[in-house]
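Labels for the chains are A, B and C, by order of writing; each one numbers its residues from 1.
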Amino acid sequence: MQIFRYIVARCLHAVPVLLGVTIVVFLSIHLVPGDPIRIMMHGRIADSEVAKIYHDLGMDRPILLQYVVFLKNALVGDLGMSLIQKAPVAVLVVEKLWPTLMLLAFSTALSILIAVPLSLLAAFRRNTWLDTAIRLGSIFGFAMPSYWIGLLLMLFFGLLLGWLPISGLGDTPLDQLRHLFMPSLTIAFFLAPILLQSLRSAMLDVLTSEHIEVARAKGLSEWRILIKHVLRNAMIPVITVLAVNISWLLSGAVVVEYVFGLPGLGSLLVRSVGYRDYPLIQGLAFVFGVLVVIVNLLADLSYMLIDRRVLRS
Amino acid sequence: MTQPLLAIEDLTVGFHTPHGSVLANKHLTLTVAAGETLGIVGESGSGKSVLCRAILRLLPSPPAEITAKSLAFAGRDLLKLKPAEMRKIRGQDIAMVFQNPMTSLNPVWPIGDQVSEGLRIHRGLGRAAARQVAIDILKRVGIPSAALRVDDYPYQWSGGMMQRAVIAMAMTGQPKLLLADEPTTALDVTIQDQILSLLMELQRETGMAIILVSHDMSVVSETCDRVAVMYAGSIVELGVAADILSAPLHPYTWSLLRSIPHLDAPTGRLATIGGQPPDLARLEPGCPFAPRCPVASAECRALPIALKTLPGDRATACHFPERVAQLDQRAAS
Amino acid sequence: MAAVAEERQTTRRNPLLRELGSWSSSLKCGAAITLLIVLAAVFAPWIAPYDPNAQDFEALLMPPGWPHLFGTDSLGRDIFSRVLYGARIDLVIGFFTTYVPMTYGVVLGAYAGYKGGWFDAVLMRIIDVAMAFPFLVLIIVILAILGPGIQNIYISVFILAWTMYARLARAEMLVERTKDYMTAVKVLGFPQRRIILRHGLPNVINSSIVFSASDFVLNILLVSGLSFLGLGVQPPLPEWGAMIAEGRDFIRDAWWMATMPGFAILATGVGLALIGDGLAQRLGERHHTTV
């Protein structure tokens, strides 16, 4: 019952934010200075045709009515038509969703694999040269432009060593993993340091808490204490940090997809800015916003699985 | 004489800090017989908790360094055991109950799971069997409807109930020796008595020995067979509880006894011990209690002190135990 | 002995030296690196051996060496000189995109935290929605509306970047508001603006100051990234990200074209991040915000 209440409360919390997202997305095309249709068509269009497009798009109706229609359509997954590509925005977006989601999952997994052992090392050997070296390393990782480190990885592993493909996304799942490795590593260069920093202090908190001593007094091995009593507790801050930084992660993904020519949402966004394909840009912004909201919701729900204390409030 | 369950001989625990070494336990010699209750009393910082952790070898080294002539439990020297062997003793032969039940349980796991964890590790019990044992033990320590509450999380329980769970956790291994480090300090006064009598009941049933650490002389006086009084890392007085209570042979013990409030005592201010416990990092030669002692003399400050055995199974680390009697007279007048 | 005594006396006399002595090593290193880069930017015309835009078709794609320290690009321009001049562009953009939004963000957040009520509620909803979009995506959307270019980057960052600061300042003000000194000035009947600006602000600004160091780094990364995507500073201006973009096509034959400006960004970022690290330690860990 408590669990049910918690889930409902979290979902309800997301609703106003989602509404706000739709408002921003809806308004964006109306904020274009001048005539968006003319800009989109680069002026190669007759006045009568412009009026017809406005009418077809429903953009000659009162703005509030337009929003209601927009919202209704968005609810059933209709995000309008791309005027440039002459295809439904929803179809174009869904096509590119998969590579982006894979990139997110792969880079998050890679960052966790890097950050967890290093943060444990830093916590166990705190205030030693090793701790300092790890902290310094994460500052370097944080300060590197991701498109730059992506280019360098490409140069080194792709062109000089020829180990990994430098662009595109393969066909078979295994091939796709090979293609995604360098882009994911590039993202891990800035995501892992962020994780590392909060994990280190979380690990320190857990390691010095009394229940760890109790576990030792029970005769558990250090290994079991680490797996069962330290890592599980430290997962809570990991999830928080990942959720808080999902916006940065997605921002990084946009750039990295562009660098590695991955056919994902990010490279589609960059390209459609060049074409001024406003309906497509709107659709992409909407999907990015929804992704952030969903990830935050998932984070809230996974707290519940890891730490039942959240049910108290 | 039969072999004692625990025989500590000349145990010293040092901590290495950047500002030099600190001796938290100094040359402790102590025995615990099977089935008996030994009380250890002293102010905070006197080294009581360090002693418990040293017995179980829970102190991280570095910074801690444990040395002893022997630290024998049932005839085996604990200091000579390999880490894996020591782990088999922890939670099985020797168990420990900690001061703060609120932080003794991991907040992210169900209570029953934590209570039975030792059984699964040490005895290889399956999940279902371990759960059943956990329910039985929780029932035994007085958790109502234990079968329903075994899957609760720590945040759902009160402090007193959690301490019962921690005791249950310690009892799963059927230990021969239970170290109870201030098990009631963090609890409400009404709960304190319940927890203490629970421990005594469990002792009667299982015949285990208990080392009960407390800063509270009244707790120890109610429950213990023998008492060791600690001050500044050393034992300053040791003997049968009743003897020590009726006729202390160390001024520090005398002061501790005087600071217990008595319902039948005449009104007036509660006695306190003047001054502060000494800084373990810079101890003077001579008796460490001398600066606070009402009957100290020049010799006390100069002569090094050791625990002297007296007739009647007693020992004191006072140069002049006979002066304690004067204190009674002085207080009476 | 005499030397020690002497040194002690000079430190006592000079508050600046005493202040410097109390800095942690990360703060010192970070300040030194940042100062170096700022000096390089200021004195670029005197240090740079070449005109950053002078093309030399006799020296195309020269590898690093002498006289072209960092090599030359596909138009024969000296990369070292371009990197030096690039510091002027990137540092200035980074500075304004960080500290302009910080000023009104902190004030808005402090005001919302102090007042509460509908203003606070509305502000928080706006912030929630702004933060529901990936920062870069929203910037790109605004640039798609207004058109690419540095002026529009300023506008879009000014529209969005205050949210983080408002959030930090509001959270601190909620704590600060309940403290005795705030009640005291309220009882004295001071006007609200004075209470918030003069008594509240200095106490709620710490976490924003710490965050601003990492934010500076993030903004340089953002702006250079937008230039890399072709949405920011346009060539031939020697902006670091734009230079990396130009070098991208030559990565196989002239690795230095893309690599050298990247080192400049890295050095600037490390310097600023170290300052942030040092400030976080100094002002207390609780102000340490991970982006």
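Brief remarks follow.
We adopt the following convention: a contact is a pair of C-beta atoms (placed from the backbone, for glycine too) under 8 Å apart; a residue touches a chain by one contact, two chains touch by 3 or more.
Each chain and its UniProt protein: A, C = ABC transporter permease; B = ABC transporter ATP-binding protein.
Just so it is clear, the model here is predicted, and its values are computed rather than measured.
Chain contact topology: the protein chains form an open path, each linked only to its neighbours in the line. Just to note, of A-B and A-C, the chains joined by more C-beta pairs in contact are A-C. Between chain B and chain C, the centres computed from C-alpha atoms are 56 Å apart. Per-chain CA centroids place chain A at a distance of 53 Å from chain B. Look at where the CA atoms of chain A average out and do the same for chain C: the two points lie 23 Å apart. Counting partner chains per residue, chain A shows two or more touched chains at no residue at all.
For chain B, the set of residues touching two or more other chains is empty. Chain contact summary for the complex, chain A toward chain C: residues 16-18, 20-21, 23-24, 28-29, 31-33, 135, 139-140, 142-149, 151-152, 154-155, 159, 194, 197-198, 201, 241, 244-252, 254-255, 258-259, 269-270, 272-274, 276, 278, 281, 284-285, 288-289, 292-293. The touching residues of chain B, counted against chain A in their complex, run 53, 56, 58, 84, 87-92, 95-96, 98, 100, 103-109, 117-118, 121-122, 153, 155, 166, 169, 173.
Contacts from chain A toward chain B in the complex involve residues 209-211, 213-221, 224, 228-229, 232-233, 236, 306-309, 312.
Partner chain A is touched in their complex by these residues of chain C: 125-126, 128-129, 131-138, 140-141, 143-146, 148, 214, 217, 221, 224-225, 228-231, 241, 244, 247-248, 251-252, 255, 258-259, 262, 265-266, 268-270, 272-274, 277, 285, 290-291.
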